[in-house]
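Following are the structures in question.
One chain, subunit A, appears in both complexes that follow, with subunit B as partner in the first and subunit C in the second.
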Partner chain A sequence: MIAFSIKAISEQEAVICLDGDLDIDSTEVVEENILPEMESYSQITFDFSKVPFVDSSGMGLLLNIVHALHDQHKSIKIINVNEDVQIVFDLLQIPEIIGEDIFL
Partner chain B sequence: MQSIISKGKTLQEAIDTGLYLLNVSRDEVNIEVIQQETKVFFGLKSKEAVVKMTKQLSHAFTPAYEKKAEGDVKEKTDAFQLLDQMIDVLPEIDRAPADSLQDTWKAELKKPLEQAPPNELAGKVWVQNGRLFCQSSPNKYPVVTIPEHVKLFRNRELVQEDTIIVSEQDFYEVTVAEEERDTVWEVKMDHNKLKVELYVKPGYRMTRSLVDIEPDSRIKLKVDEQKKVNNTLSYTDVMQVLEERRVKHGFHQAEIVRATETEESGLFTIATGIEPIPGQDGWLDIQIDMDSKKGPREIDHNRVDYREIKSIPNVESGQVIAVVHPPIPGQPGRTVTNEPLPAKQTHPIAVRAGKGIAIIENKVIATEPGRPHLEQRNHIAKFSIMSKLTHPGNVDLSSGNIRFKGDVEIMGEISERMKVEAEGDVMVHQSINRAHVTSNGAVIANGGIVASDISSGKNNMMITELGIALEPIQFDLKRINQLINQLILSPGFKASDFSRSGLQPLLHILLEKKFKHFPSLIKKYKEIIEQGEAYLIDPVWREMDEKLSRIFLTLSNDIVSIEQLKGILSQIDEMYEYSQLPVEPNSYIHTPNVLSSRLFCSGDVKIFGKSSVNTKIHAGGKLEISGALRGGEVFGRMGVKVKEAGAESNTPTFISVPADQQIQIDYVLEGTTIKVGTRKYMFSESRRYVTASLNHQNQISFV
Partner chain C sequence: MYKDKLTYSRQLDQEELSSMDKTLKREINLARNIQSQLLNGKTPVFQGGKVSGASIPARLIGGDYYDFYPLVNGKLRIVIGDVMGKGIPAAMLMILTRGAFRSAAETTKSPAETLMSMNQALYSDLRILKSFVTLLCADWDPASSVLTYANAGHHLPLFIQAKQEKVEEVPKVKGIMIGGLPNQQYTNKSIQLSNQDTVFFYTDGIIEALNEDKEQYRLERLIQTLLLHKEKGVEEIQTSVLASVEAFTNGLAQRDDITMVVLKINDQQVEITSLNSPLMK
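Let's turn to the complex of A and B:
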């Protein structure tokens, strides 16, 4: 399961720190709890420093979220992706799909 | 030449004694050290110094003793130079009346040359006892060429040039290189571990000495070489390496010994394994004569002997058509490391029973009478019995369309908008008129073909076409499979959801970017299937389309496992391989005349009557038109032969063949276009007897 904490920097800006594996079990938490929390912010940063593993469902979810938020003209950043997870992202060309500028 | 041997406690003492005995100065002798003195240690025996001293004929240079008499050299060289300078001024002195002192000098200098007249040696150089001698002459300087392994020092400096001019004014020393090489050897094992080879290059010691050369104005120094081979390789050395490489089997002891004794470089096979004996793939033993004549035999231009076609073999029910032999396994071999080496896998022949065939044990048996048919590709053989439907009248609205899994013979004609589809041959005694005929075998229309679509051997063509479409799918699917394997091994990846939701979430991501074009490849394959489904005998082609579409096009929620994906991949490999195998085309189209039709055939097409008018013809084999080709587009994969091509009405007539084939036309009318490979040519005037093909410059050329 995944846990998360939200740190509001300003009224528009928030950092969401994910803690745990981004996998098929996390999809519910993300969809039901995290997504509603993001409604009010226009600049959202996902901190991946505590995400050691991803699976394909988790990555599919991530793509969906980024696409959805993009459609709402919100700015997204993903930071602190650990090396192992980055290798997986690169294999699947995730940065090319969602835009390389999103990864910091 | 006067020489003495002189001894002394020290070298100096021996030399001094010698000089005294010869009554000469040190400058006038060659000194050769025969034995160095040995110092006395604790009263042990000592050796005396021994030198050989030779009175010089001319100015000679004595490198031999200098190693030990280093200090004397400078002084000696100076003396030489002094002497040389004096010689240089001698000719002038000769011309002018000499004063007595100089005369004395001259006399003294000439003394050592007495034995060789100066005019003979002047300007010459020679080698004696390992030393270089020369004598300058005013108008000629001797030349020395230095070969390999020889070093010439001029005034203690190494001469770099290969050829030099020598002069008495300089001081020369010659040394020859000694060479010593160690034995080099290496043990090599081939990748099959079936052969161990030992390469040996024995070591040697090369002793060289300078050869005497007669005085000449130009000499090349020569060395005498003595090579002593010293092969240090021992049997134990070899055995030790063999043990390290775990070689346990198949030694050739005699070769090892030979290698250790060899004086020449060489490669010795010191151990060999046993090669596996290949087995034999399964095979078919056909019990009946299955060769059929390729259609009816032509008697003359417009008549055909139909009795010939009846000679196609027939079997009775219960008759054994073929015996299937299982593969004979090979015998495993053994490596030199004593590991078994399996023989190449042998393949059994897979026999499929089509209509009217039963396979009992290893026998293929006909269960109904008819024409036996065999389609064989690689290890798959499909037998079927073509039963024959004889339709006594016309195919028209009253008879309905004919679809038959076998041969069809129609005594009348096929009329408007009717269809005949047969898995075997179709023979029509009268004409085919505005109809569709599809056959996996031959189509024979004795009454000609008008405004119809004829397809013969479509199955084969479809398979070839599908194979082409499968190739990129196979390529991408392999990459997808590799990527999945790579992901599973990545430490940051969890494969946990594969068991719950299958590969679909991952495939979604892959199709998004990395394999964006993959679905379009499947769509292309699908299109071909949809167009020609009716002609495909084997259902695997359609089934593959369904599988691929379900996974990659509709992205259904069915769970797809890695094993399933691998299964599909191996099936595609098999199908692709199958599509690449050539089949003996047993399809052909024979008709006397054709008008405004489309003929499609995987084998030969023969229009043996008057003409082919405004017809599109595709022949996978040879296209032969015995009459006129007026208008239309024709293609012959194995070449085209036409009696008369082109139309006076200027209806476009287009003939094409692949780059490696030729077009033969007896009479070609102006305006006809031909194409060989990618090159086109339009005849601007009528010509007779034309054979067109591509030349080396890739241009159409005529013979």
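Let's turn to the complex of A and C:
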């Protein structure tokens, strides 16, 4: 089960630190907790430093988060992706799908 | 009286729940049977090689997919894929994927065209459903021993060369997963296979299987296992890989669907003319 913490940088900007595997068991946390918490921010950074594993469901969740936040015209960044997760991102060409500028 | 009514009402709910439970179990079993029948269909038999597929869902039913489609020119089209998610939702999308593959395989000339056609057919549905499918599609030509493949975000197959003590991924070819972006073009790549060469197609449930220490099985272990068993036949290679993964996970619950397809070339003289499709066993 994934956990998360929010660090507000300013009224518009926040960093979301994810902690744990991003997989199918994260669905409810993402949809019922993380996305509603994002409503008041317009610049959101997801810190993946404590995400050791992302499976195909987790990848789908990530795409859905990015699409949902883009639809709300929010700016998104993803930082500190570990090597194993980056391999899966590259295999699925996630940067090409959601925009290479999202990854720092 | 009021209490009695409550009691009665509660009993009815339990009966209803029990009935719903039975119905649900029955329908899940039926769904599993349907998927199993469709997934474990006929395996093609052809001169010049042997092919076999196996899929073990993590739950009652799964979202992994493999299929064989004999083409009228004598080639065999192979596909392996992983639908996002697990269980019933993934299984429903897997059936959708199967239909799209069968339809596309009939009308397209190469693996790249098949993937392009499947993405065209499935993209809008997958976007609405917030899902995607990774696929690797390949044409095996028994007459020339050439394997041509295209990729939509899937793990590259492993090439086990009989004459060399090494296992490596087939040359890289990229492509966006089905449902990722609209109007995608895919690229074909080809490799020449020789006698006793093996190609191992797989889904991530193998290399991401976890042991008690939360270590992954990883590609390196799969390669070692394939090296160890490369002399064996296609079914035995599958059994050996499964046994190795099971030994590694040591009884821990399977986390993701596991699927593999093994193609092995043999020495037999190939006598295939056009319009002579492989037989289905």
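Structure notes:
Basically, the second predicted complex is superposed on the first by the 104 of 104 C-alpha atoms of A that agree within 3 Å, B and C clash if a C-alpha of one lies under 4 Å from a C-alpha of the other, contacts with A are read in each partner's own complex, and residues count from 1 in each chain.
The rule is simple: a residue touches a chain if its C-beta (ideal position, glycine included) is under 8 Å from a C-beta of that chain, and two chains touch if they have at least 3 such contacts.
It should be emphasised that the depicted structure is a prediction, and the values quoted were computed from it without experimental measurement.
Superposition of the two complexes onto subunit A shows a clash between subunit B and subunit C. Using the contact criterion defined above for the overlaid structures, shared-chain residue A:5 touches neither subunit B nor subunit C, since it reaches no partner. Looking at the shared chain after the overlay, A:24 reaches both subunit B and subunit C. A count of residues in subunit A touched by subunit B and by subunit C gives the higher number to B. Within the superposed three-chain model, A:63 lies in touch with subunit B and with subunit C [touch as defined at top].
By the touch criterion stated above, A:49 is placed in contact with neither subunit B nor subunit C.
Within the superposed three-chain model, A:40 lies out of touch with both subunit B and subunit C [touch as defined at top].
In the superposition on chain A, contact is made by A:96 with both subunit B and subunit C. Once chain A of one complex is fitted onto chain A of the other, the partner contacts of A:86 are limited to subunit B, with no touch recorded for subunit C. On subunit A, the surface patch touched by subunit B in one complex and by subunit C in the other comprises residues 24, 53, 55-57, 59-60, 63, 84, 91-93, 96-97. Subunit A contributes residues 21, 23-24, 52-60, 63, 82-88, 91-94, 96-97 to its touches with subunit B in the complex.
Across the complex, subunit A is touched by residues 82-86, 130-132, 134, 153-155, 174-177, 180-181, 204, 208, 216, 255-256 of subunit C. Interface residues of subunit A facing subunit C in the complex, by the touch rule stated above, are 24, 53, 55-57, 59-60, 63-64, 67, 84, 91-93, 96-97. Listed in rising order, the residues of subunit B touching subunit A in the complex are 483, 486-487, 490-498, 500-501, 503, 505-506, 508-510, 512-514.
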